[in-house]
Structures are given as structure tokens and as C-alpha cells.
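Letters are used for the chains, namely A, B and C, taken in the order the chains are written, and counting of residues starts over at 1 for each.
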Amino acid sequence: MYGKGLRALSISTVAVMALALALVFFYAPLEAEQGFLQKIFYVHVPLAIVALCGFVAGGLFAIQHLRTRDPRWDMHSYVAIHMSLIFGVATLITGSIWAKGSWGHWWVWDEPTLVSFLIVFLLYATYQPLRFAIEDPERQARYASVFAVTAGAFVPLNFIAVRASTAYVHPRVLGATSNLPSQMALTFLVSLLGIALLFTTLCKYELTAKHTRAQLRALRRLADRRAGTAVAVAPARARSAAPSVHATAMTAHAPERPGI
Amino acid sequence: MRRTVGALLRKELLVELRTLESVPGMSLFAVTTFVVFHFALQRSSVDGDLAAGILWVTLLFAAILGINRLFVADADQGGFDGFLLAPVERTALLVAKALALLAYLVALEIVAVPAFALLLLGPSLGQAMPQLLGVLALGDLGIAAIGTLVAALAVRTRARDLLGPLLALPLLVPIVIGGARATSPLLTLGHAGDPPTRWLLTLGLYDLVFGLIAYALFDFLLED
Amino acid sequence: MAAVQVEGLSRHYGEREALDGVSLSLLQGQTLVVFGPNGAGKTTLLRVLATLLRPHAGEVRVLGARLPGEAWAVRGRIGLLGHEPLLYRELTARENLRFHARLHDVAAGRVEELLARVRLEHRADEPLRSLSRGMVQRVAVARAVLHDPELLLLDEPRSNLDPAAVELVDPLIGSASGRTRVICSHDPGGGLAEADVVLGLRDGRPALLRAAGELRAEEIVELYR
């Protein structure tokens, strides 16, 4: 059920990304002060926005998980946060490059958005170790959800605090999209759409892969039981930080899918 | 609810009184850290931003010591099960633990703030004291709320001594920002003015939001 | 009406089934003894009945309340005596019992009464860590029956106890207490003697469920093979 629409999504992601790149290089005007370097803005800012939205989405999925106890919501939450962490690394790297180019330093502390992003990133970096440190998968999922909700609420609050603490010394490209020249704004929006699509596609791939693996395990167990051997053939990995939807939950949904 | 919170808090303070595991350790840690700062910065007195930063960072790290120990006795000696078997509201445990942590923080500050004034602070605290106490109280509330939640989250994991601080530090950064900014004018020579309102508001907002979050999420950490 | 009614109870930890399809029924005042090798799911069963663990599948009714939905209705009517005493080592016996008395809204006089019954008045003001394991177990027995529970869940309740101490606690948790009891045991002879119903578990699955009268101790020993 996760695989559905994956191809269409992948194709549109590639198309929008290609369009975005074309716009960045051939359509968007050179910025007066920073020149060519400013074009990293079309990658960096959408990455940051998508990563932050991913973190918050992880929190929303986690709320669903706590309410329904359905392990699939935990899997959504896990994948969203996991992917946001990867996008977060990319954000920090592109941000550093940009900072080096425009201000001559790899890191600037008076850029509140960057600093608060770093704090958020450091917080979410403990998500995986937290999961890894809890053996019982159900408790792991529940604790991870509690973390995801707390951290999700922390994201906006942290931005308020850090932003208020920093005087605006630097001219900021990203004040508001409305201040941009229309060509830049269009390019930016297309880039944002492209990155958002990329995020969604990757998440969907990961969900599909996890789901398929769980289904396979469930089927194996079922086959084992039918064959009369009580012991599972595929031993579960000794420890795992990734959520695995339990076999009984999966078999319960098996009839929905054709081909099984 | 009140009876339960009372019973839990009483037990909590009794255990602390018997073991002296949290408050003396936290206080000693804070005083030692001031000495370390003296040598690391090679300065015999500090004021303004620097003083506020040192004070808050020290309080934060000392608080982490307390946060780390907050639920250890309950996790190791079956206190969670004993509590869960009783016909009482689960939130009572959150409230009691947060109050206990708050009490530890106040006890810590009773030692740490005079020690700081004595060892490192250039300007005398004098008339800034009431305002400083107000800012500290706002910070303590936030630390107590988030600290209790994080402590409960970390205590039943395998790497609790590591995860507690790793989770608590980033979450408490806004408290340090707000606390340090609000305190800095109080620690400046000749008292530069009152704590800026927006920082007090930031602290208050943080306390409120995380108080509610801890309240909403705590129960999920107890059930199995 | 049955005090404990379980139908197809399952509970898993990840992929491992700790309990799988366990059913049983226990009338008020009866004693169920659960046998089975280590890791067979006895403790998990007790924790589910104590409302500390949620059942994952099946129907569980304890004292008329359906678990886990109505767990709040039976908390405080169940006494659990597990492997862990559920007491704070740094507190004295009296402080521990008073703490639980406050949680359960029981009068302080009951604490003194129980301290006397387990013969610990003279050591009641020493921290538990300075008491022997048998004494701690006696305090734990007092804790488990402090609120006069209708249902007792006991996990090898007589371990750590010498014969004299067993005699002390028997009126509280033995068959003379008149309470409905679920007991985990490794002692086929002794367990069978106090059982009305016997449940045998193996790898989380029910291997035996019968009235105690129709059962010989050898059949229980067979479970451990």
C-alpha cells in the first residue's frame, strides 16, 4: 500500500528538481552584492525549511501514534525525523559554505536561523541513540514519540528565543519572500517545491522498504507456523533503533493487498 | 491528588535527606565550577554578560546532575511499580518530582549564588538581589518541568547517564539564553537597568509551554 | 462470578511472544497456581493481571473490570508481591509502609498492625538495606496486603523466608487469608497442595490447565522437561 504512486512521485520529483536547477542557473538574476554565491540560497533555505517541517511532521505523527498506538504512525514519525536529520546535515553544510563565501567564516554565531537550526539538529541527533537504548520495541516507539512531540514543540520556541537574542547585523536575503524580486521568488518557490518533493519521495521509499521487509517477515513466520516449526527462521536483528511493525499487526492487514 | 503529591514529595525529600545524593553534589559541583572558571579565564572577577553566562552555565550543569538522579531510585527499586499499583492519578508523580527538583534547584542556588558573588562576581549584588531571584525562579520552573520529563524519558534506557544530559542540554538552551540575557544587566557595574521584559516573557512562555507538554506526555512514559 | 477471567490473552515483546493464547477462569476465593520453567511467561501473566502490562490480544477481566480499559477500577484492589519488594532501600520499613498507606489512603494504624504481624516492630526504624532478605520479604508481604486487597498476585512468595517466617506470613497471604490468589511457583508439591486450579505454561503457551484435585505432582514436573 506504500508502493502505490511511488513511480509518479519519483518522476515528478526529478522533473521539478530539473526545472528548479534550470531556473537557478539560467533564469534567476545574479544578486547585486553576493553574485553567483547567492544561488546557494535556492538550495540551502528550502533544505532548512523542509527539514524543520519534517521535524514538526515527525512530532505530529508521534501524537497520532500516542493516541492510536498504531505502530505505523511511529514508523512515519521515525522516517520523517530520520530524513530530516539527513536534510539537516545538508542544510548545515550549505549554510557553512554560504557563510564562508559571504562573511569569510565557516560559522557565524550572529546568524540566528543557522544557530537555532544547529541547536535543533543537536537535539534531534539524540533521537536515534534514545531508540537504540530501549529494547522493548513497544516502549521504544512510545518513548520515541514522547521525544518527537517534545522536540517538535521545541523547534518554534527555540527559534523565537535564538532570533530574539541576536541583533540583525547582517543584511539578510531571507527577510520574507515577498521582498525578493519576482524572478528570484519564483525560482525559490520552485526549488522549495522540488526539495519538498524530494523529501516526500525519499520518505515514501523508506516507508515502502520497511513495510515490505515487515511483510516478508510476517509471511515467513506464518509459513513457519503452518509448517509446524515454532521457531522463527529469520532471527530478528539483535537490537534495532528502527521501528518494526510487529508481525501480527501486519498479517492483520494482509488481505487488503492483492497478490498475497 | 494533593494527598498523593504530598505523600510522594515527602518520600522524595526523605530519601534525599537520607542519601544526600543530589543537593550536596549539585552545590559542590557549582562551587568547584566557579573555581575552575577562575583559573580557566584567568580572571579574579567578572561582570555583565560574562558573569551572567558563567552563572547560568554552572547552574545548568549542576541541575543536570540532579536531573540525572531524579528517577534512579524509582527505576532501580521498583518505585514505579509500587506507584502504578495504587489507585492514584499518574500526574501526581510528575508534579511531585518536579516540585522535588525545584526544591533541589532552590537549595542549589542558596549555596551557588552567594558563592558566585563571593568568588567571582565583581559588582556587589546588593539591591539587584530581588530581581535576580525573580529571574532565577522563572528559570528554575522551566528546568524543573523539562528536567522531570527528560529524567523520566532517560531513566529506563540502557544509557541513561549519557542520554539524560544529551537530551536535556539542547532543550534547556533557551533557558540559558533567556536567563543570561535577563541577568546580565543585574550583574553589570552600577546596575545597567532592569531585566529586559522580552527575556522574562521568553522564559515565562517556555515555562508555560513545557509545563503543559510535560503534563500531556508524562503518562505515556509510565504505562507498559 | 469469576474473579479472574482470561480468554486468549497474548502479550509480546517485539517479535517474541511472552504469552500466547492463555485462557483461565478463577472463582472468588480460589487459588490458581502457575507452573512453568523460567521465561515461560509467569511473571508477564502476573504483571498483566496487576494492570502493569497491557494485554495485546484477548479478553482479560479482573474483579469484573476489563483490562486495560478499566484498569483504574481495580487498582488498589490488587496486591502484588513479585521478585522485587517494591520498597525503597534507604527508607525504613515503617516509612515505606506509611508511604504506601498514604498512596492507598489507608490509616496509619494499619501499618503498625502489620508491622506487629510480621514481627518487625523492633526493626521498623532501620533502613531496609540493613535488614536481611527474609526481613525485607516480610515487609514486602505487609506492603502487598496493606490495603486489604481482594486479589493477591504472588511470585514465589515464600522464597527467602525461613519456616518461622512462612508461618508468620501465611495468615496474610496463605489460603487462610480468604483472598483470591494467583501464585507463581516452582515447587510442585507445595504448590499443588494449596491450589484449586493449576496452569502450566511453556514458552508462553498454556500446556496444562486443570483442577488441582485431578493432578499429580509428576505431571507438573513433566512441564520442566
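The rule is simple: a contact is a pair of C-beta atoms (placed from the backbone, for glycine too) under 8 Å apart; a residue touches a chain by one contact, two chains touch by 3 or more.
Bear in mind that the values here come from a model prediction, so they are computed numbers and not experimental data.
K.L.:
Using C-alpha centroids, which chain lies at the maximum separation from subunit B?
P.N.:
C
K.L.:
Which chain has its C-alpha centre closest to the mean of all protein C-alpha atoms shown?
P.N.:
Most central by this criterion: B.
K.L.:
By the contact definition above, name the pair with the higher C-beta contact count: A-B or A-C.
P.N.:
Spelling it out, more C-beta pairs touch across A-B than across the other pair.
K.L.:
Can you give the whole-Å distance between the Cα centres of subunit B and subunit C?
P.N.:
About 39 Å separates the centre of subunit B from that of subunit C.
K.L.:
Roughly how far is subunit A from subunit B, going centre to centre by Cα mean, in whole Å?
P.N.:
Chain centres of subunit A and subunit B, defined by C-alpha means, are spaced 32 Å apart.
K.L.:
Give, as an integer number of Å, the spacing between the C-alpha centres of subunit C and subunit A.
P.N.:
It comes to 47 Å between the two C-alpha centres.
K.L.:
Two or more other chains touching the same residue: where does that happen in subunit B?
P.N.:
Each of 223-224 in subunit B touches at least two other chains.
K.L.:
Could you pull out the residues of subunit A that touch at least 2 other chains?
P.N.:
Residues 135-136, 138 of subunit A each touch two or more of the other chains.
K.L.:
How about subunit B: which of its residues touch subunit A in the complex?
P.N.:
149, 153-154, 156-160, 162-163, 166-167, 169-171, 173-174, 177-178, 181, 198-199, 202, 205-206, 209-210, 213, 216-217, 220-221, 223-224
K.L.:
Which positions of subunit A touch subunit C when the two form their complex?
P.N.:
For this pair, the touching residues of subunit A are 135-138, 217, 221, 230, 232, 236, 244, 246-248.
K.L.:
Mind listing the subunit A positions that touch subunit B in their complex?
P.N.:
Within the complex, subunit A contacts subunit B at residues 66, 119-120, 122-123, 126, 129-130, 133-136, 138-139, 142-143, 145-147, 149-151, 153-154, 157-158, 160-162, 164-165.
K.L.:
State the interface residues of subunit C toward subunit B in the complex, per the touch definition above.
P.N.:
Against subunit B, subunit C makes touches at 47, 50-54, 72, 75-76, 78, 80, 82, 84-91, 95, 99-100, 102-105, 127, 143.
K.L.:
Which stretch or stretches of subunit B touch subunit C in the complex?
P.N.:
Spelled out, the residues of subunit B in touch with subunit C are 3-4, 6-8, 10-11, 14-15, 18-19, 73, 77-79, 81-88, 223-224.
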